[in-house]
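Pasting the structures in now, so scroll down.
Next come two complexes, and both contain chain A; in the first it sits with chain B, in the second with chain C.
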Partner chain A sequence: MDKTAAVNQYIMEEVQDSHEWVLPFIKVHLPDFLSVHGVMLILCASILLLLFGVLYRKKDVVPHGLTNLLEVFVLFVRDQISIACLGDKDGRKMTPLFCSFFFFILGLNLMGLIPIFRAATGNVNVTAALALITLGFMIFGSIYKNGFIGFVKAFVPHGVPWPLLFLLTPIEFIGMFIKAFALTIRLFANMLAGHIVIFALLGLVVIFGWAALPAMALAMGVYFLELFIAFLQAYIFTLLSAMFIGQMVHPEH
Partner chain B sequence: MQDQATHATVEVPSHNGEADVMAISPMMMGLTWVTFILVTLILYKVAWRPILATLERREQTIRTAQENAEKIRLQLQDMEEKRRQAVADAEKQAKEILAAARRAAEEAGRVIEEKSRREAQILVENAERDIGKARDNAVAALRRESAELSIAIAGKLIGSNLDDEKNRSLVDKLIGQL
Partner chain C sequence: MYSFYGTAISLGLNMAVGVVVFTLAGYWLDQKRGGGKAWTLCGIFLGLFYGAYEVWKVVRQLSKKAGRKDEEGRPAA
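Coming up: the complex of A and B.
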């Protein structure tokens, strides 16, 4: 029982935000304004700046190596997400935002899979902040593009008998917030759950000893699944953000 | 055991349950916004804009190159078509020249043949005429000879000198009746 409690506590410590960063052999105590997840955000931002600001060779006409790899993702975000959801003109204009979304979330997800780091996307505040940015673009992008009347019209569905509008318009309006909320929970829950599963499987070894050794293989399998999910969730968050913004900016589609 | 667990939770009071996973922290949200917006702005300047510009430039280059290649391909096709046409024309002309030459040669041969045939015919006709004339002469000479011989024989037989003119016409009549 005490082992189970210890494992439970360890898992919770691992997936929750705290002001103690546990590294091999040392514990780093962080100041009040900065938690471990905050450090992860700053680290991820620095890695992105290093990757795209320094290592990415933008002048290359024919890309090689790392540039080639990153370019595949940039092109994917531009063509399959941004332009696909917002049309050619707005899509090209909005690509930088979605590239930032994609690489920022992907970086945080992947960092969560490295043992000394934590998954900041498993923190609901981080995903909520990101989803609120999407919500902001949904609201202000629509007002900027279509005016306030156009923004309100986006909540009025076409081709519906008018008495139903009294019911549907509020639902559509609430739906906008629900979409952002769903974005928050989807990313947060996926990352959190994945990490809990891995830790729980490893915890079985602590609790049951050698008998639970096969759980290691299972944990390994889940780890690779998480690797895939890191990309998948970054893609889904970006795609859905683009779709939601697109729906608000071009309500006729 | 229970003590230990409680002790552990007391030690880390903020890490004791699911509620904490959902805890709202304005600090964390603020930090996320600051980090994300800063990263987006900086990367927009140093990365996204130049990267996207390079991509578009490259796409433009490739599109232009493709169009040029297509144009060159069409030109080549056109030239190939013209070349083939020229060769075909030359062949046709050569054939016509050959045919004309053959016709001329045949005509010339025919004329020569015709001419030689006519000359041969003339030769044959001349020869026939000469032969006819010689035969007539021979027949006339023979007739005269035979008349004279007949008169001489008859004169000798009857012993009298007959009037030459009268006898000869008589003998001619006789011979004519032979």
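Coming up: the complex of A and C.
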């Protein structure tokens, strides 16, 4: 097999889900019901449980250390995302959901940057499941808050001549699903593309040898960019989820 | 203010995904009805219309904000 094909195959193996987890010196064969990305999800959830269930000391009057670090993010999600998009009362009520979104996605994104782990958010099934939760809250949150009639009314745009409503109302309805779909694609594509770029740049060294050594520096740069994107995408997913849910729950805003 | 960033971030991909979703739906309908291009074309145009509609909504939201003045008479951000 020539080098290009080998690099290509390696990249595809790294970014795709499989039942074989390659660790240094050993290959772990996972059972049928569990894939590598599944393991990542479980690991990330366990880490979050450990962080917030055990290490996060809620009772401290003045938080310090790890609690302080985590509280910065929790407060940011509560004040700048949840309350900003949903208002004070609903915002406080929905903060746990958005904090879960933020920390879960952030954890998965950051785990994808550690060599032995894989990025589960680079799997479209994972992001689709997350976006489905948002879609569920958009639909059932709106029905719960405004009733079924209020839910239907949210799709009727204001300030349009009435004949256009026959066209715009169905489009608004489909738009709700398109928004959730775009949410899926945004996170998935960003994470997948970032990882492929890093592997492709490293692959240049394999293909061209010493001549491609500067590509290592570029890969390093992209790695740090990915570190930033891990935070940015977690933020964007949470912000857009909050915004979409807010638009459905308070349609007049 | 943050929700405005959200609108700006989501607009681009929403337009693209809208075109893709409507086009694929049209293509699926064409396949189901045994070939042809009519529904695919309808899907493309509906997708483009959806994109334009999304932009129109953002522009309307922005012009509403621009029309509003704060206490000192400046246009509200």
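As a working rule, the second predicted complex is superposed on the first by the 252 of 253 C-alpha atoms of A that agree within 3 Å, B and C clash if a C-alpha of one lies under 4 Å from a C-alpha of the other, contacts with A are read in each partner's own complex, and residues count from 1 in each chain.
Here, a residue touches a chain if its C-beta (ideal position, glycine included) is under 8 Å from a C-beta of that chain, and two chains touch if they have at least 3 such contacts.
These figures come from a predicted structure and were not determined experimentally.
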Chain B versus chain C as contact partner of A:G38, first or second or both or neither: first
Contacts of A:T95 with chain B and chain C, given as first, second, both or neither: first
Touched partner set for A:F166, first chain B, second chain C, both or neither: neither
Partner chain(s) touched by A:E71 [first = chain B, second = chain C, both, neither]: first
Winner by number of chain A residues touched, once chain B and chain C are compared: B
Which of chain B and chain C A:G175 touches, first, second, both or neither: second
Partner chain A, residues of chain C touching it in the complex: 1-3, 5-7, 9-10, 13-14, 16-18, 21-22, 46, 49-50, 53-54, 57, 60
Parts of chain B lying in touch with chain A, wherever the complex brings them together: 1, 4-5, 8-9, 12, 14-17, 20-25, 27-33, 35-40, 42-44, 46-52, 54-55, 58, 61
Chain C-facing residues of chain A, complex: 80-81, 84-85, 157, 159, 168, 171, 174-175, 177-179, 181-182, 185-186, 236, 239-240, 242-243, 246
Chain B contact footprint on chain A (complex, rising order): 1-2, 5-6, 9, 12-13, 15-18, 33-35, 37-38, 41-42, 44-45, 48-49, 52-53, 56, 58-61, 71, 74-75, 78, 92, 95-97, 99-100, 104, 123-126, 128-130, 132-133, 192
